[in-house]
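Got a structure for you, written out below as structure tokens; questions coming shortly.
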Amino acid sequence: MKKTLNLAMLGAVLASSLNALAQEPVRIGFITTLSTPAGYLGEDARDAFRLAIEQEGGKLGGVPVELLVEDDGLQPAKGKQIVDRMTLDGISLYTGVMFSNVLAAVVNAATQGDRFYISANAGPSNLAGEQCKANYFAASYQNDVPHEMAGVAANDLGYQKMVILAPNYQAGRDALAGFKRTFKGEVSEIYTKLNQLDFSVELARVRALNPDAVFQFHPGGAGINFAKQYGSSGLAKSIPMVVPVFSMDERMLAATGNVAEGVNVVSGWNPQSDKPANQAFIQAFTAKYNRAPTMYAAQGYDTARLIGSALKATSGNLEDADAFRSALRAADFDSVRGDFRFGSNQHAVIDWHLLKVQAGADGKLAEVPVKTIATAQVDSYAAKCAL
Amino acid sequence: MSRRIIIDLACLATFALLPLLAALLDEPFLVSLFTRLAIYGMAAASLDLLIGYGALVSFGHAAFFGLGGYVVGIVAFHTAQLMPLWGWEGSNSALIVWPLALLCCALLGLVMGYLSLRTSGVQFIMITLAFSQMLYFILGSLSFYGGDDGILLNERNSLPGLDLNDANQFYYLCVALLVGWLLFCRRLVGSRFGFVLRGLKQSERRTVSLGLQPVRYRLTAFVIAGLGAGLAGILWANYALFVSPDMAAWQKSGELMAMVILGGVGTLLGPVLGAAAYLGLEQLLSLWTEHWLLAFGPLLLLVVLFGRQGIYGLLMKGADKPRRARARSALPPLAAQEVRP
Amino acid sequence: MSAHLSIRGLEKSFGAVKATNNANLELAAGELHAIIGPNGAGKSTLIAQIAGEIRPDKGQILLGGRDITAVPAHERPRLGLARSFQVSQLYPEFSLLENLAVAIAAREGRSFGFWKPLSRDRSLLDPAFAYLQQVGLAPRAEDRVSELSHGERRQLELALALAQEASVLLLDEPMAGLGAEESARMTEQLMALKGRYAILLVEHDMDAVFALADRITVLVYGETILSGSVEEIRGSQLVRAAYLGEEHA
Amino acid sequence: MLLLEQLLNGLQYSALLFLLASGLTLIFGIMGVINLAHGAFYMVGAFCAAYTAMASGSFWLGGLAALAGSALYGLVIETAIIRRLYNRDHLDQVLATLAVVFFTNELITLLFGRSPPAMPTPEWYGAFVEVLPGLMYPVSRLLFIGAGLLVAVGMWLLINHTRLGMLIRAGADDHEMVGALGVNIGRLYTLVFVFGCALCGLAGFMAAPLLSVEIGMGEKVLITTFVVIVVGGVGSVRGALVGALLIGMVDSLGRAYVPPLLDQLLPAETSGALSAGLLSASAYIVMALVLLVRPRGLLPARA
């Protein structure tokens, strides 16, 4: 009896001293959407984030990290519950939320005090402008930029008259507003329903309006529905489409099939960029998960490496919030999206590309780069941020 | 001591001592989890009032949850933005905002109940669903209040003598309101009104032949149950500091219904246990695996197929029928009385 | 004798079926008036129209001289109309006392009480007990109705009708399904009520009807073909042909 | 001409709704089961269609797989679960079938992953037919309308002119009577349930090339399907047809004409929000109105 007790004590002592030797890992709260049809967004971001950690053998920037992933089910209230529990648990570094409405519920708790939130996808306008926060970073983009860039692309492509469509909810209305901000021609707006299945009615209206091109924002399943029906309605042959990458990411492309050929996609990530960091990422991701990464994966990977750069600069000490913040702002990492820096409002400033869906070298459809639309694009809210 | 009282006391003790336990285990999250249980428990118990005692299967109960929360959210929005609402500069006092929210819920209950009660059976289930979905879409189209993104609140409402921003104090307030609500519901189902409501479930023809108009009683019950869910919504808005349209979506109504069935229909305390089991399981399983629904589905199924009276029925198994035992002891022997002339 | 309840030219069709066809009936205060007729003659439909559950297509129902044809069912008890059901309509989950207490609270217009427990309200339970005594169910006062035998349920039906303190009782086959002994007891109880209420009794048990009724109306295919005293009906050739003949054939 | 095209579009949406609603209303009318899992069989059908078509390259084989897959899964679920629910109240059925939905969704996620598959289609599928002079309409959507019509006619023949149909009609009216006829009622129930599931499979197959084949696609149409059967009158196939046409047409024509109309009447800000709210809630508004006027639906099964 006594012996076992002693042994147990010895074990405890050993374990604690080992712990002291090996640094306590930095815990990162990764709140994301894994269930629901939109679950693949979170899955890609999470898998890429994990890949970055694995490549360093359980570390980021040389500092051991522990990734705590939880599914928000695309429900703001659930996201809020998770962040509340994680903050009580003492976690002070967060990322992973895919959707703006979940982010709105999560962001306050995740940035209070010395806590940091680094967005790997959603970048709502209020957080970029007047309500920008010292501890909030968007390593992805500001929500309006992809749509503004789509407007620029449409100008470049010489379209004069366009029909623009989006579901009638906050992000959809923002998308159309963003597009109109830069597009110089004439537009007709059509709002669709959230989670709409059938678009035949809208497509008939498009045909009747006979525009030069169509811009549409329908992420996830609705976007696949739209693209499939756009193709089968025959409009794809006569009226080209310009979309932000959310309406046609790699997975949606795979689900849509051949009818997606010819779609113009505006993205902050050029999957065929020959930058070594990008090529290495795509290779590693494909090897590990047996599928091609999406833009969400690229952003997740960038976010992980950004965090790694800041952890490295501060040796994993999150307690000095000012130091950690400066390290993040420096963004001293090799982004798979090319040149990367933070703007004054701590939102990513990156290049934007026009891609086109066409048969790649292997005969399969891929998003092939056409041109760069803008370099180091700063979002239109940065000026309003007092940081 | 009857089994029923033991269960009551055990639940009460758990709720009362929980913050101590949380402090001992150094798990402050427990308080937050149990606050959520108390709030959902209140909403589920109020739905049980309809389902279990009035045989009114409402598939739109989340409408009240959402509306209660939204009134709090909208008032807070105007107060924080210094933007008067029809000339009223807003208020952060719970004593003003909460009754206002309850009033709105009562009005909604009157209109929704009056129209829905023209139908019965499956049609009632669907028409209540329809009304709550309409509210859901209305809330979602309020782009001024964030549309689908909802409203973030800066602080909890204030109540004299309490600091609601303190997790423990807010928790005890929720528990006290839950206990109060359950006691009220128990009195209600045993009252003259409650007997009419339960009587309607057993024989509507008899009840009409006694000179009672069914709709008046059912509508009253509908409004009262709506107030319960509305209060839960108010507390939720304060707890989460966030309201969004999905508080009123059909999935939320379905969740509440699942809690009632899981806990035991027509038992009032059962649905609170059902809420605890539902949220607890969801929490545990989702920590364990992201494919938690794969396990959650069959678990639900087992309870439905083999645990007919829900959790409360399981706990009461083998115990005396409580109602009769109580009625007997409560009734003093009646003196032999003269038969009416 | 002035008619307390009058039915004039009542008609009701369900699709092509005429359930009630020119039904006429006069019920005097204190009179026990029986309605007899073969199965499917529309007796229950007639009762349902008087009680207000079914709205007639045509005709009039007068209670104490007032036209109540359009008065909804739940308002008729207040005007003095109480009924029992052919198939017992009771609250099986409640005790006998509680069943009656609900009826008494309803009669007194006190059903909108949200706080005081009904099961401990002496102002309801005491009179409830008295009604149970009246029909001989006092020993079972605190049992659940679901535990009662069929005969006891029929008696509780009667007690509930009595508890409404109405001037007119519509009794829809109170002896349905009763054995000989139980029927005899029910007949006795109804006999004790005679004269205190105007009773409209629908009944198949001819012995009971002939023992109890002051007047009898014969209903065939929804039509009141004959009305008269017990002797007149017994002697009527028409009734024999239309009704008794069938039964005794 | 645009109106005509929009009518066809409405018809096509109605066809999808009818394929789902006819099975659901039969299951409800005959067995009294509120089956929230009905949409799950539609999803299973779509997945079977897409993966089989991808693997075999044959469009029609995909269709066969969809029918077989949905029917088979329906048989398993009926035998294991639904059978035990016939004598339960609606609440138990709701919860149990909801559990089936949870389970099926996760099962499909585990089996096929989260990436929605693409359904390959033959060349002719993307072609157009001149329905009327000057009105070209895609084959894909005509096929859908055709399937809806075929099932409607088939169901009418089945119910009114076969022994099975006689039993179904009798079953909807009186369960005991069917038992008294010496029919194995359990087998009849299984048959009807599996038949409903096969119709879901057909709907899934028809939808796979046009809609995203994804987890949760069933729930998206499930509630609308319930709306359809309640509007039409629960338990009545004719009602399901009328309900599907009403809801489908209101939805499509509403989307086509309400926003332009409101834009003319109201300032842009209000009209946008208003038309969005109106259109999203259109099915529910129709249902509430129908039930307020006819509390049992338009064509209830039992008079």
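Per-chain residue numbering starts at 1, and chain names A, B, C and D are given in the order in which the chains are listed.
One rule holds in what follows: a contact is a pair of C-beta atoms (placed from the backbone, for glycine too) under 8 Å apart; a residue touches a chain by one contact, two chains touch by 3 or more.
Model, not experiment: these values are computed from the prediction.
Between the contact lists of subunit A and subunit D, the overlap consists of B. Comparing mean CA positions across the assembly, the chain most remote from subunit B is C.
Averaged Cα coordinates give subunit B a centre that lies 42 Å from the centre of subunit C. We define each chain's centre as the mean of its Cα atoms; on that basis subunit C and subunit D are separated by 49 Å.
If each chain is reduced to the centroid of its CA atoms, subunit B and subunit D end up 33 Å from each other. With centres set at the average Cα position, the gap from subunit A to subunit C is 75 Å.
In subunit B, the residues that reach two or more other chains under the touch definition are 140-141, 143, 293. The multi-chain contact residues of subunit C, meaning those touching 2 or more other chains, do not exist; every residue touches at most one other chain. Chain contacts: subunit A has residues 168, 173, 194 touching two or more partner chains. Listed by label, the pairs of touching chains are A-B, A-D, B-C, B-D. Subunit B contributes residues 187-188, 190-196, 198-199, 202-203, 205-214, 217, 220, 324, 326-328, 330-331, 334, 337-340 to its touches with subunit C in the complex. Of all residues in subunit A, only 36-37, 39-40, 43, 168, 173, 190-195, 197-198, 200-202, 204-205, 208, 220-225, 228-229, 231-234, 251-252, 254-257, 259, 291 touch subunit D in the complex they form.
Listing the residues of subunit B that touch subunit A in their complex gives 28-29, 32-33, 36, 140-141, 143, 146-150, 152, 240-242, 244, 246-247, 286-287, 290, 293. Of all residues in subunit D, only 2, 5-6, 9-10, 12-13, 16, 109, 114-121, 125-126, 128, 136, 138, 140-141, 209-217, 220-221, 252-253, 255-256, 259, 272-273, 275-276, 279-280 touch subunit A in the complex they form. Subunit B contributes residues 51, 57, 115, 118-120, 122-123, 125-127, 129-131, 133-134, 137-138, 140-143, 250, 254, 257-258, 260-262, 265, 291, 293-294, 296-301, 304-305 to its touches with subunit D in the complex.
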